[in-house]
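Below you'll find a set of structures to go through.
Note that chain A is present in both complexes that follow, paired respectively with chain B and with chain C.
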Partner chain A sequence: MAVSWLSRLAARARVPVFPALGMHGDTILHRLALTPGIELVDSPRHASILLVAGGVPPDLHEALRRLHDQLPAPFATLWYRSAPLSELAGDLRVDDPEALPEALKRLHRELMSGRRDSSPRLLPDEPPNPWEGLGDDGHGGEGMMGGVPYGRPMAMNMHDDIRDGLTLDSLTVTLGPFLPVLPPGLGAKVTLQGDLVQSWVTQLAPYPIALENVFHEALQRPVPIAELELARARHHLQRLAFSLRLSGLEHLALVALRLSRGLNVESRVGRLHRWLTRCGFFRLTAAGRGRLEAGQARRVGGIAARAAGLEEDLRSRDAAYRRLGFTPIVQRGGDTNARWRQTLAEIDHSLQLACRAEQEDLYSEMTEAVETPRGPWDDYRPEDASDILEDLLPGLEWDEALTTIASLDLAGVSEWPLEPLSETSLKDDEERQA
Partner chain B sequence: MELLTLLIVLLVALGAGLGVQWLAMCHQTMPTYPQRAPFLGGGLPETHAWNRYHVRYYPMTLLLIAFEMEMMFMYPWAVVYVEQGMKAVMEMGMFLAILSVGIVYGWREGVFKWQ
Partner chain C sequence: MIVSELLLPVFVVLATLAVGAYLVGVIDGAIGAALGAPRGQSAWLAPLTQGAWLLTQQANTTEAPDWRAWRLAPALYLALAATGLAVVPWSPTLIPTDLTTSVVLWGSVEALATVVIFLHGWSANTLLALIGAYRYVALGLSYILISMFVLIGVALPAESLQFSQVVASQAEMWNVIRQPLGLPLFLIVGLGMTFWGPFNLADSRDLAGGTASAVSGPPRLVWNLARAAMLVAFSGVAASAFLGGWLGPWLPGPLWMVIKMLVVLAVLLLIGRLVPRVQPERCVTLMWVVLLPLSFIDLIWAGMEALL
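Then we have the complex of A and B:
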């Protein structure tokens, strides 16, 4: 009686979803974050549904199996625009973004009311590293360091501490590719001494990001500048929302996402900027940390380059932009803080340009190259630059390292444009939200 | 009689508490090994979790204990001081000298530096 009452109550709660992102899966995430009744959680331990959004490359299937088995029973897996793993071939797959929220809610209801069985475990229930130590109490018994209990060596101090000389055991872990605090697809081998990043080796590059179709079209024919600039502002607002969520400012992340969703030439970010200043976001993004050298900044390009003082922006070569009086905004710092100030300034600038361009009905005139939100796209698309993290992150504390990664747009640009979400569904969601 | 009632209440409460836990344990099986592994976004830990790491707030704790202990004993000492006089001052001086070693150590570690 009590259990069935609890199940009914659980079925009515918000659906805790853990997203495992595949290629281009983050688009639907921005939408789900604003859908009432869906809660995106940061750990599989808090989730009832594993949402695999976007195609997962075959070399990441093993990591996906490990992640799948970390959800507590009862749980279910839903595949959005992604082929289920061979063992889970009968799982629910949804390709329509409009049907996804309802499918998630229905799945959760069925799961909680017992009408659907929990997803099967994929990995054998065995210790990942079986007991290999000697002796009764697990110390291994051989030599000073005591063997390898549970098949893994004991953490040992293999490196000198690079902060204050207090050398302690360093812990090496492989993070990603489904860690929500990192860009989707990014995997790295990290050695930590306490909270200090001792070394960072990027093992898996983040998935290429899909830009809105207007940037691809701009390389074929003149496109309305207003459209181009709104798409740019949207991209940056979504990046900002990711960083705000990472900083624990969930509410402001939703504000940024809502703004990006309803963005038009009349939108302004002044109020968001004031809120960010008041809640201490710029102080959180540790000033002086994650500073890029000129060479690194040029390699990353885009906002990171301009935040480091490089006046590199392809828009200044376009005659239509020059008519609008465009001059690139630059900062001097080159650090995490400067990059976010630059992002906010560029969003504001883009919105102003969009407003003026719409009044004058201006079209871009340069078709051999385009300045994307990720950087200049001329003969080559902006490429992945995640290997700069190996030089940038050692010596930073873990929180500083994460804010630095979030402030950098490092993934390469995909050759495929983003699929637009239909306007009607956006309006529907807005109405439900209201 | 009151003690017996209290004992019965305690036993009933304990029994109920253990019963609730036992019921839950009956229904729940131990999570599988892969579920119990630390969540690293699909990655794996390379070393054993038994490692020594620096508790960075340790100097702050040391400082808190140094001042806390000082205050904790100084209130009763103030009462005793009235009766004992100079002897109490000497004893307190020795106690404070020992504690101040901790404070001096904390100072050397930079605990008074605002970061």
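Then we have the complex of A and C:
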């Protein structure tokens, strides 16, 4: 009796969902973040549902199995636009974004009421590598001096500290590809001393990002500039929302997401910018680390380049943009602070351009190249630049390193455009769910 | 004798812990909804449903955790919160434990919190929890001196280290007016020791939950409960030290305490939602270079005022 009462109460909780992102899976998160009754959590230990969103490449299936087994029972897995692993072929798969929130809630209710069994464990409950420690307490490989128990090197004081001389044991770990604070798909081998990054080796490049179809069309034929600029602003607002959530400004992240979903030529970003300034985002969080050298900035391109003072923007070569009086905005700093100021300034600029272009019904005129939100796309699509992290991150603290990664758009651009979600308005969506 | 010195104090502390921790969940949810979080269930129900879910979730394990420390840390943090609440006076007569050195006892709660939070992160034997633990030590060492100076400041006019005397000494003027730097500094200490909002360096989102990133089920419920309870204990101490505790017209003393504690809680939770997390290095610099000198000034101010 008592248990059923507890289960009934638990079934009414916000559904804690841990997203494991596959290709192009992140777009659905923008919608789920605004859905009442769903809570996107950061750790698989805090989740009741594992949501695999987007296709996961076969070489990441083993990592996905390990992630799957980290969820505490009772839990279920839901596959959104993704093929279930062979062992989980009977799992629920949903491809319709409209149906996803309700499916997540139903799964949670079924788990709590006992109508659905917890997902089975896929891997044996043992360490991934054999125990190779020695000694009575088994904490060392060779005596107390290291070795590789469980296949990992001991935390050893083998490196000089690169910050202030306070040497702590170095710890080498593998991060990603499903760590939600990193770009989807990014995997790295990282050596840390305390919270200081000693070395960073990018092992898995982040998945290519899908851009809205209008950027692909702009390479085929003239497209309305208003549409192009609104798509650009949307992309940047969604990146900003991710970074704001990371820095603990959940409510402003939601403001940015709502703005991006209802974006039109009348939208303005000035109020969000003022709130960010007042709450100390630029001084306390995006406090100017992760400075790109000119070469690195050029390689990343786009906002990162212009935030480092490079006046590179393909839009200035387009006659239609020149008629709108377009000149690129640039910053000097080249660091996290400059990149977010640049992002906000460019969103604002895009909205103004969109407004004027719509009034004058202007179309882009240059079809051999397009400035995407990720950088210039001329003969080649913008390519993955995540290897610059190897030079950029050592010497930064964990928080600074993550803030730096979040401020950079490093993934390459996918050859496939973003599949448009349906046009349901945000207000309807939220009201219906509530 | 048994009723007044054992049962009543224990009841008061436990009831405040339970009701207070629940109210922290309710107020935080209400603030979140007011700031635009998607409206789901009512704020009154949300803490209960989340608690129920955590009770049904399995308590997971990690690879070779330090079991005893890992399971004990949330309980110890909760016990520290209860210890802190035990010295909070509700009226001249209703004081769970009226130690003559209750201010010192609260100081030890603040110091031991650092140990317990480090233990929670370290014993999980996983990376993100460990980083949270490391970071918290840096923060804990930074706020503790500020707290001591500020608390000595309120003990001076009372000429006592007893919270009931500190409250009594505010009969003419509350310390929040008498020592204007005190309460703002102490609120920052409170956000630090509960690692809340801008000072959430231990359990933050960039660490996927930090020291709690690898915890699930009932131990996570205890940890969440303990964090909320520590906020309640802190608000009780802040209300006693700066807002005149039970003092106030018309209403009975304990009711005044409840009102003042709720005000402090609401302010802390609002700051927690409105201000971004401070980068650890910036945070430590801020504490040592700006806030610590300010706490000196607060102490000198209090000393001069006591002499005059």
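Criterion: the second predicted complex is superposed on the first by the 397 of 434 C-alpha atoms of A that agree within 3 Å, B and C clash if a C-alpha of one lies under 4 Å from a C-alpha of the other, contacts with A are read in each partner's own complex, and residues count from 1 in each chain.
The rule we apply is simple: a contact is a pair of C-beta atoms (placed from the backbone, for glycine too) under 8 Å apart; a residue touches a chain by one contact, two chains touch by 3 or more.
Predicted, not measured: the structure shown is a model, and the values here were computed from it.
Q: Is A:120 contacted by the first partner chain B, the second partner chain C, both or neither?
A: Neither partner.
Q: Would you check which partner chain A:64 touches, where first means chain B only, second means chain C only, and both and neither mean what they say?
A: It touches chain B, and chain C stays clear.
Q: Using the superposition on chain A described above, determine whether A:169 touches chain B (first), chain C (second), both, or neither.
A: first
Q: Regarding the shared-chain residue A:180, is it in contact with chain B (first), chain C (second), both, or neither?
A: After superposing on A, A:180 lies in contact with both chain B and chain C.
Q: Please work out whether A:279 is in contact with chain B alone, chain C alone, both, or neither, and reply first, second, both or neither.
A: second
Q: In the overlaid three-chain picture, which partner chain does A:262 touch, first (chain B) or second (chain C), both, or neither?
A: A:262 sits against neither chain B nor chain C.
Q: Determine, for the superposed model, which of the two partners chain B and chain C contacts more residues of chain A.
A: When the residues of chain A touched by each partner are counted, C comes out ahead.
Q: Go through the superposed model and pick first if A:270 touches only chain B, second if only chain C, both, or neither.
A: After superposition on chain A, A:270 lies in contact with neither partner.
Q: Quick one: is A:10 in contact with chain B, with chain C, with both, or with neither? Answer first, second, both or neither.
A: Touch partner of A:10: chain C, not chain B.
Q: Output the chain A positions appearing in both contact lists, the one against chain B and the one against chain C.
A: Residues common to the chain A contacts of chain C and of chain B are 43, 45, 70, 72, 127, 150, 171, 173, 179-180, 194-195, listed in rising order.
Q: Where on chain B is chain A touching in the complex?
A: Those in contact with chain A are residues 31-35, 37-56.
Q: With touch defined as at the start, can you tell me which chain A residues reach chain C in the complex?
A: For chain A paired with chain C, touching residues are 6-7, 9-10, 12-14, 16, 34-38, 41-43, 45-46, 48, 70, 72-74, 112, 127, 150, 171, 173, 179-181, 192, 194-195, 244-251, 254-255, 258, 279-281, 284-285, 287, 397-400, 402-403, 430, 433-434.
Q: So in the complex, the part of chain C that touches chain A is made up of which residues?
A: These residues of chain C touch chain A: 32, 35-41, 45-46, 48-50, 52-53, 55-60, 63, 127-128, 130-131, 134-135, 197-198, 200-201, 204-209, 213-217, 220, 273-282.
Q: Going by the contact rule at the top, pick out the chain A residues touching chain B in the complex.
A: Listed in rising order, the residues are 20, 43-45, 60, 63-64, 66-67, 69-72, 121, 123, 125-128, 149-150, 152-156, 166, 168-169, 171-180, 182, 187, 189, 193-195.
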